[in-house]
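Labels run A, B, C, D, E, F, G and H following the written order; every chain starts at residue 1.
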Amino acid sequence: MRELLKAVADGSLSPAEAEAELRGYVTGDAGRFDAARDQRRGIPEAIFAEGKSDAQVAALAETALETTGRALLTRVSESHVEVLETHLADAFPDAAIDRRSTTVRVTAADYEHPSLDATVAIATGGTVDGPVADEAELVCVDAGTTVDRIDDIGVAALDRTLDQAARLREADVVIVAAGREGALPTVVAGLVDTPVIGVPVASGYGHGGDGEAALAGLLQSCTVLSVVNIDAGFVAGAQAVLIARAIDAARD
Amino acid sequence: MRELLKAVADGSLSPAEAEAELRGYVTGDAGRFDAARDQRRGIPEAIFAEGKSDAQVAALAETALETTGRALLTRVSESHVEVLETHLADAFPDAAIDRRSTTVRVTAADYEHPSLDATVAIATGGTVDGPVADEAELVCVDAGTTVDRIDDIGVAALDRTLDQAARLREADVVIVAAGREGALPTVVAGLVDTPVIGVPVASGYGHGGDGEAALAGLLQSCTVLSVVNIDAGFVAGAQAVLIARAIDAARD
Amino acid sequence: MRELLKAVADGSLSPAEAEAELRGYVTGDAGRFDAARDQRRGIPEAIFAEGKSDAQVAALAETALETTGRALLTRVSESHVEVLETHLADAFPDAAIDRRSTTVRVTAADYEHPSLDATVAIATGGTVDGPVADEAELVCVDAGTTVDRIDDIGVAALDRTLDQAARLREADVVIVAAGREGALPTVVAGLVDTPVIGVPVASGYGHGGDGEAALAGLLQSCTVLSVVNIDAGFVAGAQAVLIARAIDAARD
Amino acid sequence: MRELLKAVADGSLSPAEAEAELRGYVTGDAGRFDAARDQRRGIPEAIFAEGKSDAQVAALAETALETTGRALLTRVSESHVEVLETHLADAFPDAAIDRRSTTVRVTAADYEHPSLDATVAIATGGTVDGPVADEAELVCVDAGTTVDRIDDIGVAALDRTLDQAARLREADVVIVAAGREGALPTVVAGLVDTPVIGVPVASGYGHGGDGEAALAGLLQSCTVLSVVNIDAGFVAGAQAVLIARAIDAARD
Amino acid sequence: MRELLKAVADGSLSPAEAEAELRGYVTGDAGRFDAARDQRRGIPEAIFAEGKSDAQVAALAETALETTGRALLTRVSESHVEVLETHLADAFPDAAIDRRSTTVRVTAADYEHPSLDATVAIATGGTVDGPVADEAELVCVDAGTTVDRIDDIGVAALDRTLDQAARLREADVVIVAAGREGALPTVVAGLVDTPVIGVPVASGYGHGGDGEAALAGLLQSCTVLSVVNIDAGFVAGAQAVLIARAIDAARD
Amino acid sequence: MRELLKAVADGSLSPAEAEAELRGYVTGDAGRFDAARDQRRGIPEAIFAEGKSDAQVAALAETALETTGRALLTRVSESHVEVLETHLADAFPDAAIDRRSTTVRVTAADYEHPSLDATVAIATGGTVDGPVADEAELVCVDAGTTVDRIDDIGVAALDRTLDQAARLREADVVIVAAGREGALPTVVAGLVDTPVIGVPVASGYGHGGDGEAALAGLLQSCTVLSVVNIDAGFVAGAQAVLIARAIDAARD
Amino acid sequence: MRELLKAVADGSLSPAEAEAELRGYVTGDAGRFDAARDQRRGIPEAIFAEGKSDAQVAALAETALETTGRALLTRVSESHVEVLETHLADAFPDAAIDRRSTTVRVTAADYEHPSLDATVAIATGGTVDGPVADEAELVCVDAGTTVDRIDDIGVAALDRTLDQAARLREADVVIVAAGREGALPTVVAGLVDTPVIGVPVASGYGHGGDGEAALAGLLQSCTVLSVVNIDAGFVAGAQAVLIARAIDAARD
Amino acid sequence: MRELLKAVADGSLSPAEAEAELRGYVTGDAGRFDAARDQRRGIPEAIFAEGKSDAQVAALAETALETTGRALLTRVSESHVEVLETHLADAFPDAAIDRRSTTVRVTAADYEHPSLDATVAIATGGTVDGPVADEAELVCVDAGTTVDRIDDIGVAALDRTLDQAARLREADVVIVAAGREGALPTVVAGLVDTPVIGVPVASGYGHGGDGEAALAGLLQSCTVLSVVNIDAGFVAGAQAVLIARAIDAARD
């Protein structure tokens, strides 16, 4: 520990890095960041931006970069992104920002990107499912899996679904995001013999809207599926990563 | 009216027939039977057997036979059927009984079966959907439509669904009964360009069980479907009959 | 296919039209438009405007016009309409815009309006049901059915309901939009012997508000009704069109 | 109080009567009976038989007879009634038993029946609503109102509803019991200008079954209605009695 | 009818009045106003302002004044009221405006106020229940009943509830508006022997919030209560008026 | 540990006692009994009898007696009790059985009853709340608190509630069990200045039945209450014991 | 009373103080403040700011300060606080303002702070639970208990939970605020032998969001917990105070 | 195909085997068995016994044995098992029956058991979760994974949970079955870095009972979990098998 404190003293380690090393998490004005989760659970803590101020989000992202080399942010608004970009221009001028819909990943210039020898297919029923699939996708990208994104294959035009069967079968894990009645994950899971994770999407209005019909449908599915909560793209992506990593490890 | 009463007096008309003629419905110990509904609405009143005693059901069936030439009974138990058979052996010894799962249709010997120049396809996802489809089927049979019954084409084995696309397309109206996640009606409605009526079936357990997931899914369907309540095979069949009759009339 | 590509090359076919011809759908920045749905399902894909930007809606409408000769838009805002009008003034200066409440139909100058020999009656309980009925109406108009619109006949003033019984009986199909307790579709279905489609409307406050009481009431109706989701005027109209087209075909 | 105890001592007052006089309620092995509720609230305590043993019900009925001259029992089973009859044959050999469906009223031979100068109309939609209406009816009979019972006027056959408009308008208060979609109370309340109390009935299956659709519909009704809980015939009857008594008092 | 048209021709009758006379309702740009409801049902149609534009509300109020001498408006916003006042300053310069929270009653200068010989007590649990009680109160005032308003007697300070028992007992009808757990109507109904109408109020947060706990509690009440929907002050007031009018008629 | 094993070897300690000593819990055919919970949490593990066979319940009770000197059983049936009595007659012939409704406590002859210097008042609204209150009571008795049981003080007869205010105020902790609308705990909590724990009881039918109205009402209560789940008499009693023990400890 | 009026007359008592003394509560334009609740129930009335205007909140706070020496305000907005500060600068220039998240406590300069010899531990799962815990904390501070606040010990990083076991065990009462799945209160209650009060927090999205999953989880907890409604920090704090005061009294 | 028919002709292939070969599924009186699902999806069709007659279950099991070498049956009753055993004694005298709670696996004598080089840990919170875990376990056993069953580690005794952390970490996939508040899967998923599948179990009573609290809690979990429906042990086991097979394939 004396080593660590020396490093802080001579500036080769930031206080945040030191706290992360010692306690596993870092506490700042914007809240706490669990820097050790990545090692403990194999999945980094994502910064849930919704309900946080622009400044809080930027500060948490900086802490994440400082201690784990990159930051994953979900449910960001335009305003969050603008302030984040300005902030990082100062704090991490060489950081790369990858934004997809409402999910953002920032990587420090010297961050070593991991790579997993496994493919996650991510399918959507329609345009409205895109942001949730994007959230899942960035988690997979962050972990280094190959991602095969297959959009707009909802069952209203079944030919398009079937046209993609071969691609879907080639993946090691399949994530399917679908709203409304949520029939797509069931149809996909009937076509492949790999694990399928269904993500209900909060689309639709009236009875069963906001994703509740899709969630109930996935839970009742007559095929084998596991499910995450409505719009929980992060959880679906993270579960796919855990499976992909196990496969990658076995492939070595 | 004097004619009518004379007919009662000389026995050529039963009191029930006369009451039906005059008031449209017949009242007995077992309750009221709406003998005029068939003419008013184009659909006979079905006798809902659940919760009624065996004797009540038999009495109502007799009234229906007497006044409209046939009786439709839904949600009958074994015991209902046994007592009904005994009762009819006396009252209408030549009546024909057509029973499918929990639905029964009795026709008097001299009943003139109607015939409609239209076909209703009735599809099911699996065995558990059978009794609900049977209920719809007997209503269609009663009205004289051609019925094309297509069983066990649930999307868990999508090839079987697709194999039946041609048959489904040939019908004038399609009824699809499906429980669990209720994906079948959505898939079928994406394959045909005729009216599709979805019937959610009360199967499944856990969240969304008892048909609620299927109902919500049908209401949220990304295709064009109209829906009836959970297990409401009678209503689905009757709505199909109303459409079929309009087509039949137009064909003349 | 060479023909097609030549046509693109010489400008007699737009790239969108060519893509629609080849793949059935067109992909642009604003998302995907399913140009083939009309032929496959007999009902065009409507552009669901809610949650899309003004520019996206205008771009999708242009694609629809280009490939199918007209565009149907549902749940449009004032701002959507303004941008759409500006956009079309450039892109399709001769297009005709038909707007009813939150539904809009745009037809190219050379679009050949279809005509169906069948009448759809569309009834509402009160003013609040108007926009949902308008959505259904434009779908019927688009398909070429005769529409008989009968407004403000809610059962709180039962005489007005009964006064319209004759008109309701003359239609081939009846759509009834009603909110609050949703008694009107049940009463109407008791008056006619044609197919009735009930649309619950998201009015009312407190328990059973937002259309849930009306939906539950329609599903429980003691008469023969089929139902669509709350506020789903498009689906009700499309289902009526499918029935009307079957009748029209039979009339030929 | 000494008078009272003397009366107990010489047998002219039973201990139960004395306890009722002193404390307002009587406690026995079968539970407590609130003998004073009738005076305090204008409505006697009904003995809710469901879930109680035959012996408990009989004992409570005896206490009620002893202290208030009559007993009202709701939700009784066949077995409750049999044991009650046997028990009363001993305890109150001259008592009169009035049973309607699952509601029973027993009056001691010397009970002075009250009389109110007011009429309560009680209407039902169909046979299934009968027992709930019977429960309301016996409460009204017990209080001495005139009851006009009008059965089987559900809106599926609207003519029958309208045929009874004049009778409904003649009553001072109207109770309407209806299950399924519960449209009848709304239609009736649109026909009369007197207070209407709606009672949802636990009929129907599927979504909105067990009376929930009817309850939501009554609460959302576009006319003026007050409502009681599903199957709460006793409460509807009692509320009608309170209104009838106010009218009766004003008529004097 | 010729008389009527002459009166329109010579200006002694406005077109709206004539339409109201002939058809019972008046149709304008702002929608339809049911001018005959007052006579048919004994309760005028209230103008539900929520969701209507300021201009629509003002126009409907003018129609109501023109045809029935006064207008009742519920759920008005500040902006509704301002435009209404401006509008009436022109159209009905002598009209009197009575506003209580979100309910407004406008009476023409020559409107003859009715009077009923009956008292309605209106009690609230706390400040938050005020606007709902105000809505009920204006309906009672409009009908000419005496209103005894008793505020802030929620059971958290039971002494205050009990202190008002005598006043509550003196009324002919009692309305109790209460949110949160809704215990007050049950306690009040245990104190009086007159009809009590409970109005659940949409207060509270978390589970059972928005008035659902109060509604369920009123429906389950262990005393005799009838209930209206959450926040339905108008319906509670109107039901009380119907009872009060019956009492008033009997008193004559 | 050698001591312990010696004790087992010489029979002065049963294997179950030894396992409990070493691991904290005992495993048998009937399942696992957590013998250490009493020390860890201050509350013994209760044996939840519902769904267990008679033999399993008897075996678990024996294990509890053997390792902790007494057994608490909740939700026992008649048949559970009979088999338990027979079983204990053999295994623990001197054990004392205290049964109240569906809760049973068995104490070994040599069990040293604890005593706490604190009083828990347990109040009920009516007879139906009795078994839930009994469950709470036996937990308090087991822990050695003084229990003051106050039955039948539901607010339908408010005088009875108020008559008990003084007794309620004397207790250190108050438990109130109430079903239907659950108004009693709110009224009681307004009368005392000590901690009140509300237990909703699964009574009532229709909307909000099975205790849901009472639960929502307690959570929404306008006074200070903490709540346990519907029918969770054990948890209410155990929470009261933890408070009582803290007070007892402070009193020493 | 004459004394009191004299004091008002000579200005040594404000009219509000006099009304509070005489009636227990004070009525102003901003509503009623229950000045006596503190004495009656041991807990002051908190001013629920949500939905009240800035001016109303400031006026109620002034009344509270005037009559009870301090004011507790919950669910305040930024704007509430600003106006309050301005207002108090005039009315109570020496008052101290303690603000934590959305809860504010104002104490008059001469207010004598109470002190209780008891400790309440308040734990949270994560940052989002902070404001609810703050609400509970200020109630405890107001009553004079020692508060031990333990933040960010959610079970996603179980080591942090376990690290705090000793601190949690030292408190007399424990409050645990947790959202999402609400596992923390159950885990904490398994670690301590003192009363634990769980507060579900309205975090999370999708199914079971807004605190409903946490509430259901706390009610189903396999350990001994009592529960308050979602986000009801005030009630949790107040219940802890009532327990702490009982312990404090016993310690004397 | 001629080969196949010859084989049927000479008896070396049963008609069922031939139908399975040709169509993928076999149809009998007891319903349809999807013999090809195993190859298509990697998971055999389980025979869902609930609601089927004893004879139907036995017949389906025989078909499964005949065509796929083994049968998996879920939700069997005592009576199902007895008839099955009798039936198999005749039809497959050498078959081995493996029964765990309500799940049964029958293997033909010559069935070649597969083997997967992967371990699935299956953990339960308590005894009540056993049958659901058994269902998952038999699916894993059937597929040839190693199963590590870890029972009774519910968080009420957190030490026992933590004691098993090392074993849980060693598995390739973890299934956790838990009812009541469902905290265990969240705690376990915080301890391991492998995929965790949560199965809510239908235990508990009152609000959130029947597994709904556990389901909502798992969906809201603050860690990474995927979820299956309440009591869906089969789906959890099958999903684990799909993951295990992918790992096994990668290990080769």
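Note that in this section a residue touches a chain if its C-beta (ideal position, glycine included) is under 8 Å from a C-beta of that chain, and two chains touch if they have at least 3 such contacts.
Here the structure is a predicted model, which means the values were calculated and not measured.
The minimum number of touch steps separating chain A from chain D is 2. If you take chain B and chain H together, the chains in touch with both are A. Fitting chain E to chain F on C-alpha positions gives a rotation angle of 180 degrees, to the nearest 5. Put simply, the C-alpha centre of chain E and that of chain H have 61 angstrom between them. Centre-to-centre, using mean CA coordinates, chain A is 53 Å away from chain E.
Chain C has its Cα centroid 38 Å from the Cα centroid of chain A. Among all residues of chain A, those that touch two or more other chains are 40, 126, 156-157, 190, 206-208, 212, 215, 219-220, 223, 229-230, 232. Contacts between chains, counted with the stated touch criterion, involve the pairs A-B, A-C, A-G, A-H, B-C, B-D, B-H, C-D, C-E, D-E, D-F, E-F, E-G, F-G, F-H, G-H.
The touching residues of chain E, when paired with chain F in their complex, are 125-126, 154-158, 162, 180-183, 186-187, 190-191, 204, 206-209, 212-223.
By the touch criterion stated above, chain C contacts chain B in their complex at residues 40-43, 172-173, 189-190, 192-195, 197, 215, 219-220, 223-230, 232, 235-236, 238-239, 242-243, 246-248, 250-251. Touching chain F in their complex are the following residues of chain H: 126-128, 152, 156-157, 159-160, 205-208.
On chain G, the positions that touch chain E within their shared complex are 24-25, 27, 31-32, 34, 36-37, 40, 51, 200, 202, 211-212, 215, 229-232.
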